[in-house]
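What follows is a group of structures, each given as structure tokens.
Across the two complexes that follow, chain A remains constant while its partner is chain B and subsequently chain C.
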Partner chain A sequence: MIDQLSLCLYKGETTALIGPNGAGKTTLGKLLTGIIKPAAGQLLIFGEDARSLPLSRIGQKVGYCFQNPRQQLLAASVEEEIAFGLVYRGVRRETIETTVDSLLELFEIEHLRRAFPLNLSWGEKRRVVLAACLALNPQYLVLDEPTVGLDAERIRTFNRVLARLRENGIGMLLISHDQEFVRENAGRILPMEGGSIIDDLRI
Partner chain B sequence: MTSASELDPRTKLTIIICLTSAAVIISNWAFLGGLCLVSFILLAIFGASPWGIIKRVRLLLYMVVVIALMQSIFAPSGQTLLAFGSVKLVTAGGLLKGAEFLLRMLIIIASAGILSTSNHREIMQGLVQWKLPYEIAFMASMGIRFLPVFAEEFRDAVIAVQLRGVDIKQLPLRQKLEVTASLFQPVVAGALLRSKDIAMSIEMRGFRAYPTRSSYLVLELKGYDYAVMISAVNGTIIMMGGYFFIY
Partner chain C sequence: MYMLEAKSISFRYPGQTKLILENISMTLEAGQITALTGPSGGGKSTLAYCLSGVIPAQIKGEFSGWVTHQGRVGIVFQDADAQVFLPTVEDELAFGPENLCLPRQEIAARINGILELLGMEDLRLKNPARLSGGQKQLVALGGVLTLAPDILVLDETLSQLDQITRERVKKVLLALKNQGRTIIMIEHESKINDIADQIWLLAEGRMQRLPSPTGGEQS
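== the complex of A and B ==
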């Protein structure tokens, strides 16, 4: 349970949420994206009360990657998975194709273009979900354990992607146990324990 | 005093067989309405929250309501209530058929709720002690075990769609149907993959679904179990008799 929490996350800043298992990191991440509604208190997402915002509206601004990528895969092929949100938001076909191609290339999954996402390895699923999240061009990203299942080379590639997103002013909340990844990417670290944030460190 | 949820799973299965058999045979909305009410009262008596069950399956119910409406449109009969030119869109008979379908589904949902007050191991043992072959009992119990998994995966899929900025309610009908179909894909594929994992995991722990096997858990029917079973069967026979006498 998260109790007595007052927190402000800034767009353009990368914040890391760290802490032991069961500290409440994922719960807080889900709260911040409106997947879980707070029982009491107020949560504002880009200045709007999360209680009155449908999840689809939040999804247009905030990208969220589940800890388990399998939970987020819906489509029959990798390219459809990446294009999913864009198709139903009425984006032009040519733009969708360009976006999908560039993300397939960025995450080195061009060869999996027509593969069934649920049959992929954990690391491949993770890359597909990240690509699908980024396809929507979110203003803020919440990534729950994004490096789990990625090999060292792919983590380096992913770090480069995150650096580019930061340059474009996209804020991020990284929920991670990977200290090296956190050090590499976060400008602010929030250690959690027992449902509370116990410190607020700026690097 | 024994609470209803502590009844033998075979007693609950008997009640469920009575409820669902009657729901399938009866084709009258008033009788089905009464049966639905009885199912939900029983659900409450068994300690499950009827409202909680409805909330948990509200997405499924939404689809059931859509199917019921479609049934009412595609099976027109009786007085026309709404027409587009010569095409009958809503008829009194069609609406009643849709209502009957909806009530049947509610009875099945309430029955599943009653069954969920026993764990799947007890239900499997109940079926085995009813001399059902172990393989079939095991399959049935695994099916029951998968129900909450299906519900959870369906919920995740809906959240995943919304997080992609897609508001299902706002989509045109064709896209709405496409997205709804895509919700089932991860649920079905996920269930198949998970069953494969479970099969591998239990076999690696030495499990084989042989026709006969000893069991640590042995169920014993008590006097009140027999009383409830006899009452359920008699109640169903009386109701069915009444139904066939009237119609």
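== the complex of A and C ==
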């Protein structure tokens, strides 16, 4: 699927990965976050060899949102979903509550606080997953098709969120077919085809 | 005569206090592409389930109103993972016609035709579970098209397709429309305004017809 690919992604930079269906974009995203392991070669995440890093350690630095949000949901309610990672890290209850409240408000899902995530619409699931990802304050984000299922207004809200993250030095890799979304957010574009990155464009 | 008529559809999911659909009525005619747009969580997929019979047959809740249609209805779900389950793409496309007990030559002809139409010939023997999200969406669409439905309900089918594939699928849909098929497409963006004959907005459980792309009336 991917053969002899070499790539550097930089902290604080927003990179878009684009290309036709089946080019290997999602596979590359999963390789970069340690979800799948390379058959050969080396992957360094923030300077550390990914082979020696458990997924939980990678997860402390890199946030990943799956292309299909349903694959990432596991809690009984939206607020538990957003809080899950923070509870697992032993964060204080008051801090968790404040973080959850602010993310529910940011993504306009306060009314879904107690809803069962798997019963939500695709777009609502997408917002819950994004909120849960951001709750952990990752240093780098990999977002796979984050605008699918979002309406225009919510994409605009999301663009503002990403702009704020960029101001705070958070780097991200956006895998997306949404050309407008890519133009709005990316400073670097990597077209991918047949398992290879075929260009490296600075905007 | 309408191909599909929905009258006073209301629906509430179990455990919810609010109606997600409230007194929705709409008609679809043969040879027409209808776009359905609206905010996330507004009930579009739920309406697609009602129009295709998934609600109330498979999804429980409080359903009222009625839907009638002429001919077969095919639905392509927003989540292709929910629809694609066989070991190869060829098996996926064969599944529907096999269950209709069509002759083997007919099934083979339909599979070959749809693979070519959607540009998926090289995916024939691939495992759909290993395909990309956009490729899975194409497979789900292909699996419904081999059934030759009279009415096609597409829930964000274009959303994960690359630009070239999206234009190819739109051409296919226009060809189906010209054959007299009825198509309703749920899309968030203006991706399909160039092929839609009418556009409806579903928000807060209510429907409103928007000006048509050709500048027609608004009700």
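Keep in mind that, in the parts below, the second predicted complex is superposed on the first by the 203 of 203 C-alpha atoms of A that agree within 3 Å, B and C clash if a C-alpha of one lies under 4 Å from a C-alpha of the other, contacts with A are read in each partner's own complex, and residues count from 1 in each chain.
The criterion applied here is as follows: a contact is a pair of C-beta atoms (placed from the backbone, for glycine too) under 8 Å apart; a residue touches a chain by one contact, two chains touch by 3 or more.
Just so it is clear, the model here is predicted, and its values are computed rather than measured.
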Checklist entry - Is the arrangement of chain B and chain C around the shared chain A a clash or a fit after superposition? => result fit
Next on the checklist: Is A:Glu79 touching anything from chain B or chain C once the two structures are fitted on A? First, second, both or neither.
Outcome noted: neither
Next on the checklist: Going by the contact rule set out at the top, does A:His177 touch chain B (first), chain C (second), both, or neither?
Outcome noted: second
Checklist entry - Put chain A at the vertex: what angle do the Cα centres of chain B and chain C make there, to the nearest 10 degrees? => result 70
Checklist entry - So, A:Arg70: does it touch chain B (first), chain C (second), both, or neither? => result both
Checklist entry - Is A:Lys25 touching the first partner chain B, the second partner chain C, both, or neither of them? => result second
Next on the checklist: Contact-wise, after the overlay, does A:Leu55 reach chain B, chain C, both or neither (first, second, both, neither)?
Outcome noted: first
Next on the checklist: A:Leu120 in the overlay: touching chain B, chain C, both, or neither? Say first, second, both or neither.
Outcome noted: second
Next on the checklist: Contacts for A:Ala152 in the overlay, against chain B (first) and chain C (second): which applies, first, second, both or neither?
Outcome noted: second
Next on the checklist: Considering the aligned complexes, could you tell me the closest Cα pair distance between chain B and chain C in angstrom?
Outcome noted: 5
Item to check | On chain A, positions contacted by chain B and by chain C | outcome: 70-71
Checklist entry - In the complex formed with chain A, which residues of chain C make contact? => result 13, 37-42, 44-45, 78-79, 81, 131-135, 138, 156, 159-165, 188-189
Checklist entry - Touching chain B in the complex: which residues of chain A? => result 33, 35, 54-60, 63-64, 66, 70-76, 84-85, 88-89, 116, 118, 132, 136
Checklist outcome for this item: Touching chain A in the complex, chain B uses residues 153, 156-157, 159-168, 170-171, 175, 179, 182-183, 185-186, 189-190, 193
Checklist entry - What does chain A use to touch chain C in their complex? => result 19-23, 25-26, 67-68, 70-71, 119-124, 126-127, 145, 148-154, 177, 179
